[in-house]
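The two complexes that follow have subunit A in common; it is paired with subunit B in the first and with subunit C in the second.
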Partner chain A sequence: MLAYYLRLALISIRQSPGLSLLMVLAIGLGIGAAMTTVTVNYLMSANPIPHKSEQLFYVQLDSWDPHQAANENGDPPDQLTYRDATALLAAKKAYRQVIQAQIGTVVEPEGKDSLPFQVSGRANSADFFAIFDVPFLYGGAWSETADSEQQHVVVLSQSLNERLFGGKDSVGQKVKMAGDYYQVVGVMANWQPRPRFYDVTTGAFNEVEELFVPFSLLAEPKLSRNGNTNCWKPSGEGYPAFLNSECVWTQMWVELRNDSEKQQYLDFLNAYVEEQKKLGRFARPLNNRLSDVMQWMENQQVVAEDASLMMVMSLMFLLVCLLNTIGLLLAKFLSKAPQIGLRQALGASRQHLFAQYLTEAGCIGLAGGLLGLLLAWLGLQGVTLLYGDSMKGLAELDWVMVLLAMGLALLSSLLAGLYPTWRACTVQPSQQLKSQ
Partner chain B sequence: MLKMKQLGKVFHTGEVSTHALREVDLHVKEGDFVSVTGPSGSGKTTFLNIAGLLEVASSGEFLLDGDNVNLLSDSQRSKMRNQKIGFIFQGFNLIPELNLFDNVDVPLRYRGFDAKERKRRIEQQLELVGLASRMKHLPSQLSGGQQQRVAIARALATSPRFLLADEPTGNLDSQMAQSVMALLEDINRQGTTIIMVTHDHGLAQRAKRQIFIKDGRVSELTAVEGLHSAGLERVTPLHTHGSADAARQLGV
Partner chain C sequence: MFELGPIFRALLRQKVGAVLIALQIALTLSIMVNAIFMMQNRSTLMARPSGLDEANLFYLSNTVFAQNYPHQAALEDDLRLIRSIPGVVDATQINAIPLSGGGWSMSLQKKAGEGEDGTGVAVYMVDEHGINTLGVELIQGENFQNTDIRWRAASAVDWPERTIISQAMAEALFPGNWQSALGQTVYINNNEPMQITGIIKTLQAPWNGWDGVERSMLVPYQLEGRNNRYMIRTEPGRRDELMPIVEKALAESDKNRIIRGVTSLEETRADSYRSHNALNRILLLVIVVLTLITAFGIVGLAMFSINRRKRQIGTRRALGATQLQVMRYFMLENLLITSLGVLIGVAAAIGLNIWLVSQFELKPLEPMLLLTGVVVLYLVGQLAVLYPARKAAAIAPATATRSV
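For the complex of A and B:
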């Protein structure tokens, strides 16, 4: 019977093209607006590393001002001091651990015609690549020895390798940065986690950096840091004093494979802080944190509040569109009351009529869904234009969202069709037949 | 086959109650051709709607093939209507956007026949009413008489035992009316029981039995030699009350 109902629905839609178009428009607009904001929220709140997000933990220690918490919630600062980060890294108490900070530098390509250019980079310890499952096109990560010996090695992004070496295997080649030569040990394949969870302090939706160098090189002030630095007391004069200060600018992640490892690591952090307290630091109460990936994303409010608000508003708009659709369907279905009466006389039960008219509502919904997808795509292009590159990659419809849009359109139209269909099916067939 | 015992129907509109049918006792046997006449508003259509399971009686008992239809659910009544009853209306009631084939197909779909059986029945019925060559035409492309023939084909497609006709010739000229009446008589001869509401006294007299309804009360008219030639009948009461009223109306 479904094929029969589909045929009747198409005939009915063709019969009143204006009314049908209005309904498709109403649903399409609602779905388009809803899907634009839902997509942005969905991608913002996506798990960027689902297979191990519960094994990766962001480390926080409360080294802040004894008289004032680092933020309103009483949470510890969202980064570590250099001295704590390097001490925790050296302790090697986790299965894997990485400390990192964003840098900016100037690359000086070889060749007379090539001009120096600025790139964003990251200084990180060796485990960065293993802990975050970074894919490699050529070569691989540097060793821990390279870290400890402050070797001038670099891992390039695929795009930077394309720019510098025409995309060829550049492992072993030299790249000149800030006056020094760095040997290429690896070239990453395309890698763009969204959100860029490993460092949300410098923008959760920014592009992945173009080059990576050992964190230990930051012991010298040659590479300039690009990230956020927060201090609750003066750092003192000179770079060594800054490194030894209470300023926080380093992020640390650890990989802990189970609850037992997590508890052991937390105990280790607490013991470390207790030891530091004896040295006159960490005057605040013990407040160390290990947050897994999704907890950290939530803590950092990766899904912006205004995005959530926009989503609620667009869903309300969808509701308004559905109310309009209900009115239009009611008008359409009630105008078919004589035919409904006739079908009842010819043996149609209410179930038959419900199925027939809900099929028609569903067809309108699917057409609205297709229009909604187109509008959502346009809306997402608008979002990209409005917010620039930071939203690039967030403004894309994947198959999950396409299915969601069609499902939402179908469900919405069926819900919208329920009342008009019920009203139409409750008409007395005898009255309708007489009035024809 | 069809038995009504003390059947009543009351419509309530606000505080006003209208008795459309009162204490109707009627027995229609297999193969009957019953015409129903009466003044406008007398309850003819209500009677036909109850007989066709389109409305439920307010009181009394209605047995169709032994089943008390008052006790049936909506879906059971729909199924019984589809299997046992065919309808013909004054206004033809064809679905304008469907061609003749698809119009006749409607009750067959609800009956659940497969495509091959539906096609066979549709072609057979359209052949019977002489419109097999026009099955792809829309109703608007046919004359009134032809549309009524399609409606008859649709009513007969499920092989119903009852055919209920509500003024089937009301919208037709006399020539077409005679043609449709002849078709109904032919259908009745083949065994289908017909109940036909009509205002046409001449057509009513061609039925095997004549029912007269006035003020919701039903009487049966029996043709009597001599009286018949004068256009008069004798009233046989089908209920205990109201027969005198009906007789007075007829001047018998």
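For the complex of A and C:
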């Protein structure tokens, strides 16, 4: 029966090519616009580490100015001071914990012809790789001893290993940075979580850094940090004074496997702050936070406001396109009243007619969906072009989106077809069969 | 008058089609007006002057990797070298680039002491060539002297005795009387005094989204560190030619550092406002396509209603109606439908705006814009119906006599 309906639909579509094209175009444009913006939003709000996003917690302590909150909404500062971060790390009260900061440094390759070049890096404690499930190509993470002894070890990204060692297993080799030699202990396999959730303070969709060194090396001022530093109080002269100051520039994540561990850790943080209050620090009211990955992404507004604004606009756009389609379908089906009357008189039931006209609407919807996919693909190219690097990796169609587009097109065209089809089926055959 | 009565009664007989068009017009109006409003807001933001001679400025970074490097001497050599290149107007070392998004902010207060009210300000560390290099206009007081310039070690915390602030910063510190800021002492880091020795007209902070973007200060500091930035101003029209020349001259003069990120200020502006620009273009596209879709919808429905009424139109023509009267019928019909759409649309536009304001950082709509949108939609409706109406007018009176 479906084949018969499809054949009828095809004939009907061919009878009024202009109108059919207009409907396909309207649905296509609506779906195209909606899918473009939905894709961007979907990728921006993706869960970067779904299997343990509820066990990873970002740590915030309110160490800020007693006279003024760090954020207008009263949230604690979004990073920790060096002294608090190192103290919390040393306490080892969580299942796993990592403290980290972004660095920038110059790598000086061996060989007379190779020029030194700038790389982005991260200084982090050993658990970083285990907490965030970083995949390794060669070697692995450094040990906690490497952290505590300030060993000069380094983990390279796959691309930097490619550049420095031609992609070979470089574990045990040396890399010269800022005048010191660092021993390679591991090479990461390709790893690019989107959003780059472990550090959103320097850009949620930036590339993963090219090399990783122990956080403890930051105790000396040799490696230059390039993340954000915020101070509410002058730090005092010299690097040791800076490390000991109230300036926040360190981030901390902890892995807590269940609610009771989380509660215990929060209690520990509160006790730590109470302890510090006795030393004259933390003059603000107790305001410590543990946010899991998705909570933290929301808090940091990782989904750009523009992206959600565009999505609202494009969904309204789709609605206009659907109204358009309803109107055109209605006009089309009603113009077929004589034909419908004739078929009813010849014994076609309402159900049959209903199925037939809905099939026609569905066909138009599917064609519109296909066009919409093409337009969404073009739209995403356009978005990448307009926004440049900041949209890299955020404007790609995947299978979920393709299926969603087709589903949305079919669903919306069927919805749009419902009323016109119903009207067509309520045609009185007797009236239509009278001569006009 | 104008057969409004018959048109209206005929419309009532096919309500749904008319209501669908009206709804479409209503939605189009509310989207269009709100989109244009967002575009206007962003364009205003982008049109704010930075205060710099943007067309002739570029900058680069200098990253030193050698150990035991003579930073002070090298910096002086570099600046001397850049300034001696023909076509270069002036050059200075600077700690942050306006509009770039990365910089340094401090707070100035009128009274010394912790807990006193402070005003946030963007800090630019420059030497006595700073004002000339940036191309900012000094409207009061005087520039720094060579003897004011101090070296700032990487972890220094004290500040020089003098500063030059922007007019907006002066106004923020001394509301209603910015001129009085000259010669005043303000406090940085709660307790450290600085004297305001000059006021410049405009100099934007590095963060274009900050509400204090016009508040900035110049500080006579030379940074001594591994990462420096040089800002270079060229003679008009020679920037692109000089960018590679300066880069090469610096790179070859000293192999213990990397010169990179040679960027013009115009590129920085484009980057800084990239998302604003992108959204504006997307919104423009949305408006255009939306209007087209609505227009085609009107054409399509009008064509069908005319096809259905062929005999009726023919009868009217046979009874003596002129072609113009037939056209007028359909134009007026569209006017009625559009009026209904516009009525709903104005309410919807305001509603949408209220919702958008509550969800996003937007301002309430201006009535003028709404009025313009209404006029535009009437025009679109009339233009769209013009072709079907002419088709209708062309129907021969004889049609009435033929059987279908």
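Here, the second predicted complex is superposed on the first by the 434 of 436 C-alpha atoms of A that agree within 3 Å, B and C clash if a C-alpha of one lies under 4 Å from a C-alpha of the other, contacts with A are read in each partner's own complex, and residues count from 1 in each chain.
The rule is short, and it goes like this: contacts are C-beta pairs under 8 Å (C-beta built on N, C-alpha and C of every residue); 3 or more make two chains touch, one makes a residue touch a chain.
What you see is a predicted model; the values in this text were computed from it and never measured.
Between subunit B and subunit C, it is C that contacts the larger number of residues in subunit A. When both complexes are overlaid on chain A, the residue A:Tyr181 reaches neither subunit B nor subunit C.
Of the two partner chains, subunit C is the only one that A:Phe317 touches; subunit B does not reach it. Once chain A of one complex is fitted onto chain A of the other, the partner contacts of A:Tyr239 are limited to subunit C, with no touch recorded for subunit B.
On subunit A, the surface touched by subunit B in one complex and the surface touched by subunit C in the other have residues 436 in common.
On subunit A, the positions that touch subunit C within their shared complex are 19, 22, 25-26, 29, 33, 66-67, 104, 106, 108, 115-118, 178-179, 221, 224, 234-239, 241-242, 304-306, 308-310, 312-314, 316-317, 319-321, 323-324, 326-328, 330-332, 334-335, 382-383, 386-388, 390, 419, 423, 435-436. Listing the residues of subunit A that touch subunit B in their complex gives 1, 4, 11-12, 15, 338-339, 342-352, 428-430, 433-434, 436. On the side of subunit C, the complex with subunit A involves touching residues 16-17, 20-21, 23-24, 27-28, 30-31, 35, 38, 63, 65-67, 114-115, 154-158, 189-190, 226-227, 258, 260, 271, 274-275, 277-279, 281-283, 286, 289-290, 293-294, 296-297, 300-301, 304-305, 307-308, 311, 352, 356, 359-361, 403-404. For subunit B in complex with subunit A, the touching residues are 45-46, 49, 52, 54-55, 74-75, 78-79, 81-83, 87, 89, 91, 93, 95, 97-98, 106-107, 109-111, 154, 158, 166.
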